[in-house]
Each structure stands twice: as C-alpha cells, then as structure tokens.
Amino acid sequence: MTSDRRPGLALGAVLHHLVSVAVAATFLLPLVWVVAASLRQPGLPPARTIEWIPDPVSIGNYAEMFRLLPFERYLLNSLIVVAIAVPLTLVTASMAGFAIAQLEAPLRRRLLVFAVALLMVPISALWLTRYLLFRQVGLVDDLGALIAPALMGSSPLFVLLFYWAFRRVPVEVYETARIEGAGALTVWQRVAMPLAIPTIVAVSILAFLLYWSDFISPTLYLKSPESYTLPVGVRQLQQLDRTNWPLLMAASVLLAAPTVLVFAVIQRQFLRRDGVLD
Amino acid sequence: MSTASRLGAPLVAALVAAGSVGALPAAAQDPSVVAPAGDVSFMVFGDPAELVAYQELVTSFEAAQPDIDVELIHIPDQADYRQRLGLDFSAGTPADIVLINYRRYAQFAARGVLEPLGPYLDQSELVGEAEFYPEALEPFRWMGELMCIPQNLSSLVVYYDKALFDAAELPYPTDHWTWEEFLATAKALTLDTDADGRTDQFGLGTEASIFRVAPFIWQNGGELVTLSDRGLPIRLAFDTPAAREAIQWFVDLQVVHHVVPSAVEEAAEDSESRFQNGRTAMFLNSRRGVPTYRQITGFDWDVAALPQHTEQAGILHSDAYCMPASAASKDAAWKFIEYANSAPGQSVIARSGRTVPSLVEVSQSDAFLDPAAKPANSQVFLSSLPTIRAVPVLPGWVDIEELAGEELERAFYGNASVDEAIAEAIARTQVFFGPGE
Amino acid sequence: MLLPFLVGTLLLVGLPAVMSAGLAFTSYDALSPPVYVGFANFRTLAADPLTGIALGNTLFFVLLAVPLRVLGALALALLLSQRRRGVGAYRAAVYLPTVIPDVAFALIWLWVFNPLYGPVNLVLQGLGLPMPGWLADAETAKYPFVVMSLFQIGEGFLVLLVGLRGIPHQTYEAATVDGGSRIQQFRWITLPLLAPWLLLLTFRDVVVAVQYTFTPSVLMTGGDPYYSTLFLPLLIFEEAFDRFRFGLGSALMLSLFLLTAVAFVVVYSVFRWRGYADDI
C-alpha cells in the first residue's frame, strides 16, 4: 500500500515546493526592485525598462541623501527613541501581563476585555487630543513625547502576549516561589521573565518596529528639524524631490534595512520548521 | 509679645530696607538704554539652496549684533511649513520670527496672534516705510496696521531653457510677447524625439493652481472675486465671461494642445524636475526657483515676462517677516527683522538669487541686478511691477485657494469640463468668504 | 505592578479619548478657547460631501481588502503550516514585507505603481497590456492601496499558523483512516477549529484596515486625484491639523470611534454566544 503512494507523495512535495517558491518570490519581488532602483546612478533620465541590475551600479543616491538633509542626525534620534522605549516597554508590558495572569476571574476577565477593547481604539481618535495634552505638559518638540507610550506598555497587544506567556506556566511554579517568601516583583523578575524568553524576544522586535517606523507622532509632536526621526526625514526628502525615484528608494532602503536585518536574525527562532510554531 | 511678632517686625523692616535699597539703583537706570540681547528663533521654508542664503543672513547679523543669537529653523516644504506654523501657534510656541506669505498671514492676523510691526518700523533708525515698494507693504496692512515687513515682491515669470530653444532654432522670448506667440512657442518645443509615440520633451511646465491662472484671468480683463458695495470680496468671479475664457485657455494648454504633461506624466516626473533636467523648455515660477537653478551645472537658462493679452498683469508673490504676539524677546526679535530688511540684510538674501528685494534701493543695486549672475534678465521682475496685482487678503483665502485649486486641477487634467469645475469651485468656496461688510 | 499600564493608559488613551469626545461639541482652533456649539459639527459633517466621499472610500477599501487579506493569510497558513524542508525560509519571505516601516513601504509602492516608470506598468507594457494610471487616475487610485495591504498579511498568517498548530495531528489521522478526503478534512475539521481565530483575525483586520490607509495616503496621494483616495483617517487629520478645525475633526473621530465600538459589541456578542470567549 505505502509503496503505491510514494510517487504521488513525491509529486505532491515537488508541487508544494514550487508553489511555495513562487509565493515567496512574489512577496520578495518588490523589495528586489527597490534595491535595484536605489543603485541607479543619480542624474540619469528615468529607466524605460525594468532594471534588475543597473548599469552602472552606483551608491550615489545614498551619498546624495546625506548631502541634502542631516540624515545622521535623524538616524541618531531614531536610535535614541528605540533604545529607551523598547526596554521600557518590556518592563511595563510584562509587569502588566504578569499582574493580570495572577488575578482571579472575574477581575482577570474584565481586564482582558479591557485590553482587547483598547486594541480596537483607532489611533486617529487620539492624535489630536494627545497633541493638546502634550502641549499643556510642555512635551511638544521633545523626543519624550515619542517615548511616552512606552510607559503604558506601548500596546495592549504586548500586555496580552506576556499574559499568554505567563499563563502557560503552571501555577505551581509561581506558588513555589511565593511560598519561599518572594514578593510579586521578585517572582516576576526571577521566575516569570526567564520562562518567557521567546515572548521577550517577540515583543522586543515588535516594539522596535513600532518605534522605528513611527511617523505620525514625530510629525505632530516634533518642532525643530534637529529632533526629527528617520521616517520624518525620509518624508522631508520626498518633499524636496518628489519624483526622484532612485533617491527615494535609497532612503526607503535606509529606513527599512534595520528592521529587515533584525527580523532576518530573529526569525529563525519562530518561523523555522521545528520552531516555536510547530 | 509673641515670638512670631518679635521676629516679624525686624523681618518686615529688613524686607522694606532691602526693597528700598534695590529700588534706588533701578530708578536710576534708564531701561531704554539697555541693548536687547538673548536668543531668538527664526523659521523659514525653502530649498537647501535658499537655506544657505538665510544662514548667511544670520551670520552677518550676529556679527553686527553679537549679543543676539539667532537659531534658524528650516522646513523644506511649503505645505509642511503651513502645518508647522499652525501647530506651533496652537501650541503657543511659535518661533520668534516667522516668514509668512501674504496669502496666508490673514488667518493669524485675524485671530490677533501677530504683533503689529508698523510701530516698530516707525521708530526704526535703520530703515523707514518710505524706502519700501508700496506694492509690497500694502497686502500686509491689516485693519489699517502694518503687521509684517515684506522681504520681497516677485512676479510670475517664464523660465526658459536656452539650449532647447537653440536646438529648435527658435528666438528667445521677448518681454512683450502675446498668448498666441507663447502657445506657438510651447507647441514648437513639445517633441517626441525618439518617435515612440510618447512625448519626450514638453514645451511648458506649470502647476494647475489658482495662483498660476490668476494673472491670465486679469490679462483677459476678468476678475478673481466679486466685491460687495463696501469693496470686500463676497464670492469667486470665475463664471464671468472674461474669467471663464482665460481659465479655458489655461486648461486647453493640457487638454487640447498637450504642451504640458498629463496627470500620468506629471506623476511619473514632475514638471519642475523635468525643467531642471532639460526635458521641459519653459517653466512658470516666481523668483523662488533661482537659487536652486543657479546650482545646476551646465544649465543655460533665463527668464522672460509672462505673455500678455488684452491687458497687462502680473501677480504678486511676497513673503514677510512676522513676529508672533507670544514672542518672548520682542526687542531682540525686532532687531533681527530690522536688520534683515535694511539694505545690508536684503542685499545678502538678494545675492543668493532668492528675492526681488522690497527695498527700492537694493532692488536697483548689483546685489539683485548683477549682470554676471543668472538670470541675465532680472530686470524683468522690476519692469513688471507697475502692472502687478495681489490676490485678495482674507482669513479664508487659504481654503478658497485649496478648494478652487482641486476643481481647476480636475478640469486641467481632463476629468471635468471647465464649466463644471467653475460651478463647483464657486459653490464650495462660498462659505469661506466673509459677509462683505 | 499594573500601575504603569493602567495609569499610562488612563493618561494617554483615556484622557485624550474623553477630551476628544468633548471637543466634538465645540468649535476650537487651538488659538482661542473652545466655543460650545452643540451638534453643529455633526450637522456640518453630514452636509459636507467630503464626509460621504471619505466614508465611501474607506468602506470600499475595508470591504475589498479585509476578505482578501484574511483569505490570503489562510491560504498562506495552509500552504506553509507543515514541517517541510525549507518552510522556514518561505515563511520568512512571506512575513518580510510586514516588517518594513510604513513610510518606506508607502514610497516603495508609490514607485512600483508609477504609471510610466514603475515595474508594474513596465511589466504590463512588456506583455502588451494597457497601462492604467493607477494613483494618477481617480478610477484606479484605490487599487494600489489594496494591493500593498495584501503584502502585509504576515501577522494574520502567524495567527493562523498558531491556530493550525492547535489542531492535533490525531484528528487528521483519524479522518484519513475514516476515508475523508483532503477537502472534507478542511471543511469539517480545519475550518470549524480555526473559526475562532478567523473571527478574531477578521475583526482585528477591520479595525486595522480602517486605520491602515493613513500613512500611505499622506505619502502617496494626499487624497488626490480629486478626493478618490481621501480616506477617513486622512480627512480627520486634515480637518484637525491642516485646517485647524479641531472641533470638526473630533466630531469625525467620535463618529468613527462609535462605529468601531458598535462593531466591537456586535462581534463580542457573537463570541460569547458561540462560547469562544473562554478560549482566550
């Protein structure tokens, strides 16, 4: 019986691989085009055909970008925001998730519903009045305004992720620690967090992405060009030369490269064949 | 006597003594003798090339006034600048000196958030009202008071690429050419050089905005707005025959004659970029383009007057230095505004090519008319002054221009007839006109 | 321990939300104090054609993008859920566009869909097909937004992978033994067991979709051509921050928020009715 099914299986596997490759290639295609476009020599008229590899290859656009606007400054500001906001997020979100995991229903369920409900609040409902609030507090034109959401865990999603992670741990583990006289904070730090490493990594990446890509907050809350972050800088570049595609693609590559790199390094943990998901 | 009152009396006496000791020197000092000092911030918009000019201005000012430090805040894009200005005013933290266009300052003046600079100018020893072109000052008078000090008064001109004219063996534009000559020239310069059915070179590039079409409406004897009995604007006048005809002619440049890129072509590469890269022969712009075009190597260009029709008319472009009422160090801020609009200051900016100076003397000097600096025909900016006109100054004008501009763009790119667009424009902008009293 | 989260949420979400609700009934330009105007803002919104256009555009996007995204995520999850060789790389490839920052992603697609020089039209040209004006043409301008959103279904894909993982292998094996075909297995095992995840994903995706178009619309079209890409978040932003009509902007936001809240209540009721809330 089994031997009869072998050729079918093999054909199925090949087909599966082909389809998977095609799908993966489709998702990667635009990115390949973008990198290729960014390497086109500045000053040439626009290309009339698809250029997989420009001739000649030139990094002139990357240089031009830094010449037109202070991108080093923007990079630095983005890094500062991320360096502070991500650790802060990990602390506040995990603490909140831990606290909820320790609670009994019905309070626990109410808080969960609250967190999920928060997820549904459209951000555009908050820009305006947050802006007015920050104005009152004097946080306008301060990187602090960009970091402020980290104080609440940045996103209810992170709180929920930690909640799920902590709940997977058997209650006995927490009980043991508590019996040995550990306070809530110690249990969180010594017992819960070490058990949630995958979640910590996941939230780190997601938080990094959130703060690195943030465009609306810096646009609204930052005044002086010295405090601009990278997404705002890229937008400025677009305003300066709206249809200079090689230049804009170079700026996009610069903006996207860190997140892509971080993702490339970390993704194996989660997405590989025997990883967390399987 | 209780402890408190035993301590209290000498304490009070000491305070009184200290106060009176402090009061004496203060009374002896004359506050007006103290020179203004401090840090002020100055917000501008413009291309990187324009920024260099402002940086030079700040440097030369700080050399003349070492006690005052000027922080330059540069916002490259005009649209962003407007948003930034609004946000700053609403936050109560605008820069101490802001550059605002005459079409946009009224909304701030109407809300009382600007400090009228007329009185400061009257007291100035460096420069006086009589030294400015009245055409430049006039739009900045709000309810009879001069609110801001204009740095320039440019008109709309035609920039042209000499190399492309030479290649087509066409004579350069004269300063008195007509609409017909203009159109014929543009057609002759719209070419499909590689015969692939797609236009490679356009004769003309322009924005499809009210601000660009206005001078053509005036040249056809039309008006932009209808006035009430009191002389105040109450509605758009685009549906009058003269205005409508001019708008149709402007729209036909794209829809009928195709001398201007279509929507798709404009999205692929915008007109100013095409002009700068030698793919468009003529471009409508104010003086603003000069610093950037000067920087392009191997680009031989000049300017010509707008083509004329039954009447002559140019359109005023003017930006002014304004001071928010909330500025902390008003005297220091004024010192900078004063310097920037005196002969030395205006010369610095004029030399960059950015401005047509609002001071008569500077506009006739080499700082502006330097024969060695492009455009060679800078004189045309001055000779067009007698027929220059300003758009109405209204708090709601920004909205009116925006909404009417959307309709005009729709017609310009062939998505609506001119009559439809005009009707919509009038209907949608009605609410932004005042009662006319 | 919950304190930072709760206090932070109160300050950064609760307070702004309440203020926003209040501002909706005022006329406020942030230069002078707010002036109470009752329901005037809502009447103005109802009368303004732009409100209807923005609502229509947003609905178009949501109704088109959400089903495609959820189905796409499902298809990808089904394709890549098994532990075959190389599946890690495919999963990574499929997730990659999701990690690209909004601003970069918008500029990328602005160029990809450029009507004369972008790869999409160059490919169409090469195949001899007509080249639409995409973002330069009011008829086609919304489609690039939908397409680009389809490339960022990584999160949904992950959620469904997790969901699929929850279905024990034995269930499938038992079905195979009983003679069930692949399609029957899908219909009677996979789909019902995935249902809560699909529902959650759909709902979250609706909320995301309403907001999704903001950064792309700012960077790519600004609402042009002629309001065909004026989506609700962009309109709210413009009313508030371009025209300084904070009262009107707040009224619009309040309306949007109420609509979302209603949707939430509806879906939550469905959840509770079907008993899925316990799974969380």
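Labels A, B and C are assigned to the chains in the order they are written; within every chain, residues are numbered from 1.
The criterion applied here is as follows: a contact is a pair of C-beta atoms (placed from the backbone, for glycine too) under 8 Å apart; a residue touches a chain by one contact, two chains touch by 3 or more.
These figures come from a predicted structure and were not determined experimentally.
Student: What topology does the chain touch graph have (line, ring, star, complete, other)?
Tutor: If you draw each chain as a dot and join those that touch, every dot ends up joined to every other.
Student: Farthest chain from chain C, going by the mean of C-alpha atoms per chain?
Tutor: Comparing chain centres, B lies farthest from chain C.
Student: Have a look at A-B versus A-C and report the one with more C-beta pairs in contact.
Tutor: A-C
Student: Centre to centre, by mean C-alpha position, how many angstrom separate chain A and chain B?
Tutor: 41
Student: As a quick test, compute the distance in whole Å between the mean CA positions of chain A and chain C.
Tutor: From the centre of chain A to the centre of chain C is 17 Å.
Student: On chain B, where are the residues touching two or more other chains?
Tutor: Residue numbers touching two or more other chains: 87, 90-91, 267-269.
Student: Could you pull out the residues of chain C that touch at least 2 other chains?
Tutor: In chain C, the residues touching two or more other chains are 30, 114, 116-117, 241.
Student: Return the residues of chain A touching two or more other chains; collapse runs of consecutive numbers into ranges.
Tutor: Each of 46, 220 in chain A touches at least two other chains.
Student: Quick check: in the complex, which residue numbers of chain C touch chain B?
Tutor: Residues in contact with chain B: 29-32, 114-117, 133, 135-138, 224-227, 241-244.
Student: Which residues, counting only chain C, touch chain A once they are in their complex?
Tutor: Those in contact with chain A are residues 1-2, 4-9, 11-13, 15-17, 19-20, 23, 30, 76, 79-80, 83-97, 99-105, 107-112, 114, 116-117, 119, 122-123, 126, 151, 158, 161-162, 165, 204, 207, 210-211, 214-215, 219, 232-233, 236-237, 240-241, 246, 249-250, 253-254, 256-257, 260-261, 264, 268, 277, 280.
Student: Quick check: in the complex, which residue numbers of chain B touch chain C?
Tutor: Within the complex, chain B touches chain C at residues 82-83, 86-87, 89-91, 111, 113, 263-269, 399, 406, 409-410, 413, 415.
Student: If you look only at chain A, which of its residues touch chain B in the complex?
Tutor: 45-46, 68-69, 131, 135, 140-141, 220, 223-225, 236, 239-244
Student: Show which residues of chain A lie in contact with chain C when the two form their complex.
Tutor: 13, 16-17, 19-21, 23-25, 27-28, 30-31, 33-34, 37, 46-50, 91-93, 95-96, 98-100, 109, 111-113, 116-130, 132-133, 148-149, 151-153, 159, 184-185, 188, 205, 209, 212-213, 215-216, 220, 231, 234-235, 238, 245, 248-249, 251-253, 255-256, 259-260, 262-264, 267-268, 270-275, 277-278
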